[in-house]
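For reference, chains read A, B, C, D, E and F in written order, and residue numbers begin at 1 within each chain.
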Amino acid sequence: MPIVEIHLIKGRTLEQKRLLVASVTKAITESLAAPPETVRIILSEMEKDDYAIAGTLMSDKGH
Amino acid sequence: MPIVEIHLIKGRTLEQKRLLVASVTKAITESLAAPPETVRIILSEMEKDDYAIAGTLMSDKGH
Amino acid sequence: MPIVEIHLIKGRTLEQKRLLVASVTKAITESLAAPPETVRIILSEMEKDDYAIAGTLMSDKGH
Amino acid sequence: MPIVEIHLIKGRTLEQKRLLVASVTKAITESLAAPPETVRIILSEMEKDDYAIAGTLMSDKGH
Amino acid sequence: MPIVEIHLIKGRTLEQKRLLVASVTKAITESLAAPPETVRIILSEMEKDDYAIAGTLMSDKGH
Amino acid sequence: MPIVEIHLIKGRTLEQKRLLVASVTKAITESLAAPPETVRIILSEMEKDDYAIAGTLMSDKGH
């Protein structure tokens, strides 16, 4: 029954998202011996001015 | 003091959202005997390529 | 596919939790015309010293 | 290692966001004696029809 | 910079958690070409009476 | 209306939590010109074997 939320910066391609959810699901089912159908993944995409490290927005860091 | 986050796929009408938050709030206040003013609901809407079940994006499922 | 997280203060009985998840699920399925099997609810229970309103912990408020 | 998610209504300026993440990070590092580099902040911006208090959407309240 | 929260039922061994975070991190870094140091994972463990599917608590299902 | 969730490692004193919620609330209200009563903070405390950086649990790092 794992429910997963992944916060990541916007800008991934559809192909990267496909690969991401497939491989994370596989990692979870193999580690926990859980059936794949029970794994739900939410991708929560952030703009660069909505994420900060050490008090500085990513849009101000040029990352 | 319940704080609720509901993740759902984009595409609901304003009327559906109105009904959703009114009825979920009612369900909570009746179950927990909590005053309505203490209930906060965040609707977090997802694109179909931001949600996966069993390792497959919803946009690839035609759901 | 709604996934719901409800943050609430610890101390509800099992019977209250049963009622809560049943009635919130009903409220969601009726509002959104979604099948009940797709609704997942996470109850996230907080101690009173892990929740604050207006900068004051609930454990300091006697709420 | 604090990871912070702040849900707020859309419409803040870039300058307000800059100030927000800088001052919240400072508040955390000073309160917990944690190094700034360990603080991550996610700003999760909501439309007014995605947030409800007491069962009423903010877009219906004129707030 | 992916930040991941995994909600799962309590009862995993330390060894399972070790394997889980290592393999999910690998899945993410390989899918997104992100450096491992940027991946943070929060495991959020739930009691069986804090998770419901289709309106029924897991503790009432015998799952 | 900011709702804040702070994930942090267990082990803070009550006094540290008091200081944390007071100073984070002040930082938010000053940055956003929001009334203090609208700020809600959830502290979500994690065990060291429930948090990982770069694929390694904190309990395995001696942090």
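One rule holds for everything that comes next: a contact is a pair of C-beta atoms (placed from the backbone, for glycine too) under 8 Å apart; a residue touches a chain by one contact, two chains touch by 3 or more.
Computed from a prediction, not measured in an experiment: that's the story for all the values here.
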| item | value |
| --- | --- |
| For chain A and chain D, chains touching each | B, E |
| Smallest count of steps, each to a touching chain, taking chain A to chain C | 1 |
| For chain B paired with chain C, centre-to-centre distance based on mean C-alpha positions, whole Å | 12 |
| Interchain centroid distance [CA atoms averaged], chain B/chain F, Å | 25 |
| Whole-Å separation of chain centres (CA-atom averages), chain C against chain F | 20 |
| Residues of chain E touching at least two other chains | 1, 3, 7, 24, 26, 40, 42, 44, 51, 53 |
| Contact graph of the chains (line, ring, star, complete, other) | other |
| For the chain D and chain B complex, residues of the former touching the latter | 7, 44, 46, 49-57, 59-60 |
| Chain E contact footprint on chain A (complex, rising order) | 1-9, 12, 16, 19-20, 23-24, 26-28, 30-32, 51, 53, 58, 63 |
| Interfacial residue positions of chain C with respect to chain A in the complex | 1, 3, 40, 42 |
| Chain F residues touching chain C - in the complex, by the definition given at the top | 14, 17-18, 21-22, 24-26, 36-37, 39-45 |
